[in-house]
Amino acid sequence: MKKINSEQLKQLIEATIFVSDQPVSVDKLKNTVLADFTVSDKAIQSALSALQLDYRPRGIQLVEVASGYRFQSLDSLSPWLSRLWQETSPRYSRAMLETLALIAYRQPITRGEIEQVRGVAVSSNIIKTLTEREWIKVVGHKEVPGRPALYATTKQFLDYFSLKSLSDLPNAEDFMASLDATQNVTHVLHEEQATQAQGDSDNQKEPIH
Amino acid sequence: MSNSDESASTLATPVQQPLPLAFVNGEAVIEKPEDLYIPPEALEVILESFEGPLDLLLYLIRKQKFDITTMPVAEITRQYMEYVEVMQTLKLELAAEYLLMAAILAEIKSRLLLPSRSDEEDDEEDPRAALIRRLQEYELIKQAAEDLDLQPRMERDLFSVSVEPSADIQPVIIQPDVTLQELVLAFSAAMQRAAAFEHHHIAPEALSTRERMSKILQLLNAEQYTPMEALFTAEEGRAGAVVTFLAILELVKGQSISLVQAGPFARIHVKLGSFEAP
Amino acid sequence: MKKINSEQLKQLIEATIFVSDQPVSVDKLKNTVLADFTVSDKAIQSALSALQLDYRPRGIQLVEVASGYRFQSLDSLSPWLSRLWQETSPRYSRAMLETLALIAYRQPITRGEIEQVRGVAVSSNIIKTLTEREWIKVVGHKEVPGRPALYATTKQFLDYFSLKSLSDLPNAEDFMASLDATQNVTHVLHEEQATQAQGDSDNQKEPIH
């Protein structure tokens, strides 16, 4: 059995916790990296305390959790660190777009009314996604049995589409009329639209280096 | 350690060798090759560790402390052939490369026996020089591979550090883009379908009214009455007042808000929700 | 754009490098965690230098490798730290190492050229393993009959061997010099080509984690 001084012990424990994927218990330390050394539990504990103290002013902290010790990032840095993880969500479905469009053009509107127009149920996920994006919100309740929520679009919605007010939304009836005039164009337009949207979402996918 | 002479530093590799080059070039070494014989059992083991004919040749040269540039080709060829023969008698799977090298060595040997003619030199490269160059090049790579293996590397000498991100870190979600056109098309499509099914007739209503309805709902609360005039703004003028009025009527009709008036010509108050008897 | 003081900057950079699975480049810092802040390259560099200094006496070190900065355990602790894992680190065969060395020092290089130098055939397994480890990749094709693939090393290769660039390879200069001496023709490692290939790999880098 070899001797190890307190400075080396601290270094070795520090590195062990850092390179381990899982929290490291005192037992694990003794059975692995410290197996060759004569070292007391007290010495290990005081090395751990010293390390906790060393890291107090730093961007990461040494914390004890149920299964042992681990380093974790400082909570106060989370708002910035979260930018390291980005997920691109998939394109919006037709159901999502129609729901949003109905809320925009027919607000305030209940979910039931949207369902009536669309002829199919509106999934809670759609409402949730649009609410999380802060494009729609509940502005009141309709005084009918069940008091359903009335949805309206938000200022963020207007900002996103560069609209000053809802009256700037293109007149859908005119739009439809112009589509009707050139009968079969609808399909083409739809397709174009799809490609266009594809292109847009591609641009967005660009990962950050 | 660096006692290499001029010629060695230009022609031979400057990378450090396990066997010092400095002892080379002596006639005595060539006349008295030591330790030439290797027992077949040992040979079998050794052969497996060779990376090919160049490796084997290098081994033979280094073993007897020859310099690559001045190696006695005849002697090396003889030894090489011995190894190849042993390999064949041991029925080791002999790669074609070993036989090819044997042919090259045999050719060099035969050429060396012929008297050299100066006018020939320009036409063809001396096969001995070509072999020497290949050996030198291979030796360089062999050394480079050894150096690379000594280089501190992950998983063996160095371990990557992993730190748990704080539990409250949420990934940032990049939302898909939506264009205004998509929105209009979606609305039109929904309306067209609704019209086709004729579920109900949707009266075209001015958007401004609907927008105002949303705004009014947000201004009001269910607990307190708000004077109705607070919903009107003078700057909007008559048109604005009409829009607000229509919005209020629409909301009352839908029982989203309720109006109360204490008496004739008294102030009208508005609150969210339907009217409840006190 | 917000301001950030040097102490906070140091903490944020430190935590970022710690929680990232891959080495972190200055560009990545600027595009993610520092995106909201007005901060100069000089300030980032000096924070990194300060961190390197802070960790000098510790069990882990902040080092710069090809694709950025990372923390890694102290070299001298590896005999003990390796006891944390059941299996020992892989040993690479001489054939593999020689092939890798040839690609590293003489890139871009074809399989045929590797075979010429080594005097033996290169097994497909070696190329496959090196490719799967993302240490080598095909950077083009040589314009000779059969258009053989040209191989070069990757940033991951440099990272794995703790190298910042190809010129940090052991004896890189001596190696080049002696190659020049023995060979007047054949391809000596072309710095530009290597850098080019390196640059190419940047564009197709993996998204953030």
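A few remarks follow.
For reference, chains read A, B and C in written order, and residue numbers begin at 1 within each chain.
We adopt the following convention: a contact is a pair of C-beta atoms (placed from the backbone, for glycine too) under 8 Å apart; a residue touches a chain by one contact, two chains touch by 3 or more.
All values derive from a computational prediction rather than experimental measurement.
Geometrically, the chain at the heart of the complex, using CA-atom means, is B. The most distant chain from chain A, with centres taken as the mean of CA atoms, is C. A separation of 32 Å divides the Cα centre of chain A from that of chain C. Centroids of chain A and chain B (each the mean of its C-alpha atoms) stand 26 Å apart.
Centre-to-centre, using mean CA coordinates, chain B is 10 Å away from chain C.
Shared interface positions of chain A, defined as residues touching 2 or more other chains, are 15, 18-20, 60, 71, 73-74, 77, 81, 83-86. Counting partner chains per residue, chain B shows two or more touched chains at residues 159-165.
The residues of chain C lying in touch with chain B in their complex are 15, 18-19, 21, 60, 70-73, 75, 78, 81-82, 89-90, 92, 94-95, 97-98, 100-102, 104-105, 117-121, 159-163, 169-171, 174-175, 177-179, 181-183. On the side of chain C, the complex with chain A involves touching residues 10-16, 18-20, 25, 27-28, 31-36, 58-60, 71, 73-74, 77, 80-81, 83-84, 202, 205-209. Chain B contributes residues 10-11, 13-15, 49, 51-55, 95, 97, 101, 133-134, 136-138, 140-165 to its touches with chain C in the complex.
Looking at the complex, you find that chain B touches chain A at residues 159-194, 197, 199-200, 202, 204-208, 210-211, 213-214, 217-218, 220, 254-257, 272-274.
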